[in-house]
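I've put the structures underneath this note.
Two complexes, one shared chain (chain A), two partners (chain B, chain C).
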Partner chain A sequence: MDQKAQFELRKSIYWTISIFVITGVIIASVGVFNSYKSSLVEIPPSLRAEMLSLRFFNSCFPYVDSLGKAHPEVIDLTQFTEKNLNACYSTAAFYGIKTFNFRLQLLKSAREISTDKYYRTDQFQDKHLVLVYDGQSLQEDVLVVFVQESI
Partner chain B sequence: MNKKGFLDDMMDFLFLVVGALLVFALVFGVLGEISSNRVEETNPQVERITGKTNLLAYLRVPVEGTNMADLIVLAEKNPELREKVVKKTEEIIFLFNDQAFSGILIYYPIKEGSAQDVISVGSEFIIPDPGVSLVSPEGKEIKVYVRRSVKKS
Partner chain C sequence: MDQKGSSILVLLIEIIVVVSTGFFLSNIAVAYADSEYASRIKLVEDSRIMAEGLLGMPGDALVSYQNPANTSIVVFSQGKVSVFKKGDPEGAKLHRLFYVPPGYTTTGAAEQAVWLCLEKKSQNILLRECLPGEMPSESLAGRSGKPSAAVE
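Here is the complex of A and B:
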């Protein structure tokens, strides 16, 4: 093999290795940028849970007065049932445990209900001051929302 | 390109790649830190929203045939009603039993030649969140704040 052929061979080896390394660096950079972008736009679980749980004291168990007017920000104790909760917040039959599930507890009224895929593995909890109608009068109560994020 | 030149070029190239990887690691380390701080900064914002909804519910709590908002407005010139506001608020704080609702601060309109008229319930050391405004019968502003201490994450 003459000198020129050796030169060409080494040049080919050099560029082959270089192309692999450069390609690797580019792919890694794109991957890291994408994961950074995903982490930047990810909604924190506490905010998602807060947004989902708004319905529990706004619309799932509304008190309807004798004139037929609904009071969406008042919880009617007779409506505060697991059937109504699961109708208001349902999860997929098979992968429901992979998303948010809730246990709701009314402290003063001593009532507790939970969604159908809730298995008492709370990730966090939130407290809300709410108004409750017990069939006779309105009173204040505290709704504790236990959040099971994913199992 | 002889053998020595080939090795020189390869070493230069490897140094460049290693240097670039270190710069990337530094940049992404900083970006990752910013990203994690963002989540930590979001949680207090969520707690502020919860604090505001709790404050609005507090103002709707029924008391003495009316609600807390009306009672606070009427209590401006009635010491007896002020006691009722304080008593009911203490009951609610006891029931709530959480840092998210540790007190209430009510600022009545300042009258000429007198000090700020305030009803304060709960710990004095907790900075209140932005509150809501009620309107007094004279059309002046009564500010109501919820006292909410920041949860440690």
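Here is the complex of A and C:
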């Protein structure tokens, strides 16, 4: 092989490697920019879960007095059912396990319910002081909200 | 083509490849560094979380929010918030879904609004541009120089 042919061969090898390197650099750049942008605009999951869980002690299981007034932060034990919970917060439109699921526990009343795709893989939990109406009287209780993120 | 002509052609192709790669990379960098797009993501995420918060709040409420992407259009439909610019193709529009309990409605829209207001009245949540007097005081808004929100 003469010198000219050797030079052309080396050049072809050089450009073949270069194309792979350039492609790699482009893909890596897109990945780096993407992850940086995601980190800039990310909302902490715990904040979103807290916003979602507001409804559990304010409006999902409301205690309605004799005048027809619903009281926030007062839970009616007869309303504290999985049927009412899943009507108040449904995961069906969000592919079930791909969104937040919750388990609600009333400590003193010893009652526990959960959403339809909850599989006991809690990431974090939150506690709220509430009043519970058991049909006769109001009592203080603690509502523990267990949060399962997308799995 | 003689040997000299051939090598000049190869050199030209090399230059074109290098220049076009550089141009392509810088275009990607500019597109990703575009703060407007990041602001639109922030707006659509914040709008969803505010709607979810309002859906769980008792009574009526008004949230005023300094729009980080005030050249965009924001639309609330039932269980969905969309952010886009006029003329954007469907693929470029940002959408976020959220669950609306039975009996509640979420509606409204605002175009190029500096302040957005989310108003909860009974079981309806309406997105609209804030009216004069509904924004927090200028001192509160300008103190950090960053988007802010207030609940009344």
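Observations
Here, the second predicted complex is superposed on the first by the 116 of 151 C-alpha atoms of A that agree within 3 Å, B and C clash if a C-alpha of one lies under 4 Å from a C-alpha of the other, contacts with A are read in each partner's own complex, and residues count from 1 in each chain.
Rule of thumb we're sticking to: contacts are C-beta pairs under 8 Å (C-beta built on N, C-alpha and C of every residue); 3 or more make two chains touch, one makes a residue touch a chain.
These figures come from a predicted structure and were not determined experimentally.
In the superposed model, A:29 lies in contact with both chain B and chain C.
Contacts of A:40 after superposition: both chain B and chain C are touched.
Contacts of A:130 after superposition on the shared chain: chain B is touched, whereas chain C is not.
Once chain A of one complex is fitted onto chain A of the other, the partner contacts of A:139 are limited to chain B, with no touch recorded for chain C. When both complexes are overlaid on chain A, the residue A:94 reaches chain C alone and has no touch with chain B.
Of the two partner chains placed by superposition, A:78 touches none, neither chain B nor chain C. Of the two partner chains placed by the overlay, only chain C lies in contact with A:52; chain B stays clear of it. Once the two complexes are overlaid on the shared chain, A:16 sits clear of chain B and of chain C alike. Residues 11, 25, 29, 40, 47, 73 of chain A touch chain B in one complex and chain C in the other.
The residues of chain B lying in touch with chain A in their complex are 1-3, 6, 9-10, 13, 17, 20-21, 24, 28, 31-32, 35, 38-39, 42-43, 46, 49-50, 53-54, 57-58, 60-62, 92, 95-98, 100-101. Listed in rising order, the residues of chain C touching chain A in the complex are 10, 21, 24-25, 28-29, 32-33, 37-38, 41-42, 45-46, 49, 52-53, 55-59, 79, 97, 99, 101-102.
In the complex of the two chains, the chain A residues touching chain C come out as 11, 22, 25-26, 29-30, 33-34, 37, 40-41, 43, 47-48, 51-56, 58-60, 70, 72-73, 87-91, 93-94. Touching chain B in their complex are the following residues of chain A: 7, 10-11, 13-14, 17-18, 21, 25, 28-29, 32, 36, 39-40, 42, 44, 46-47, 50, 73, 107-108, 126-131, 137-142.
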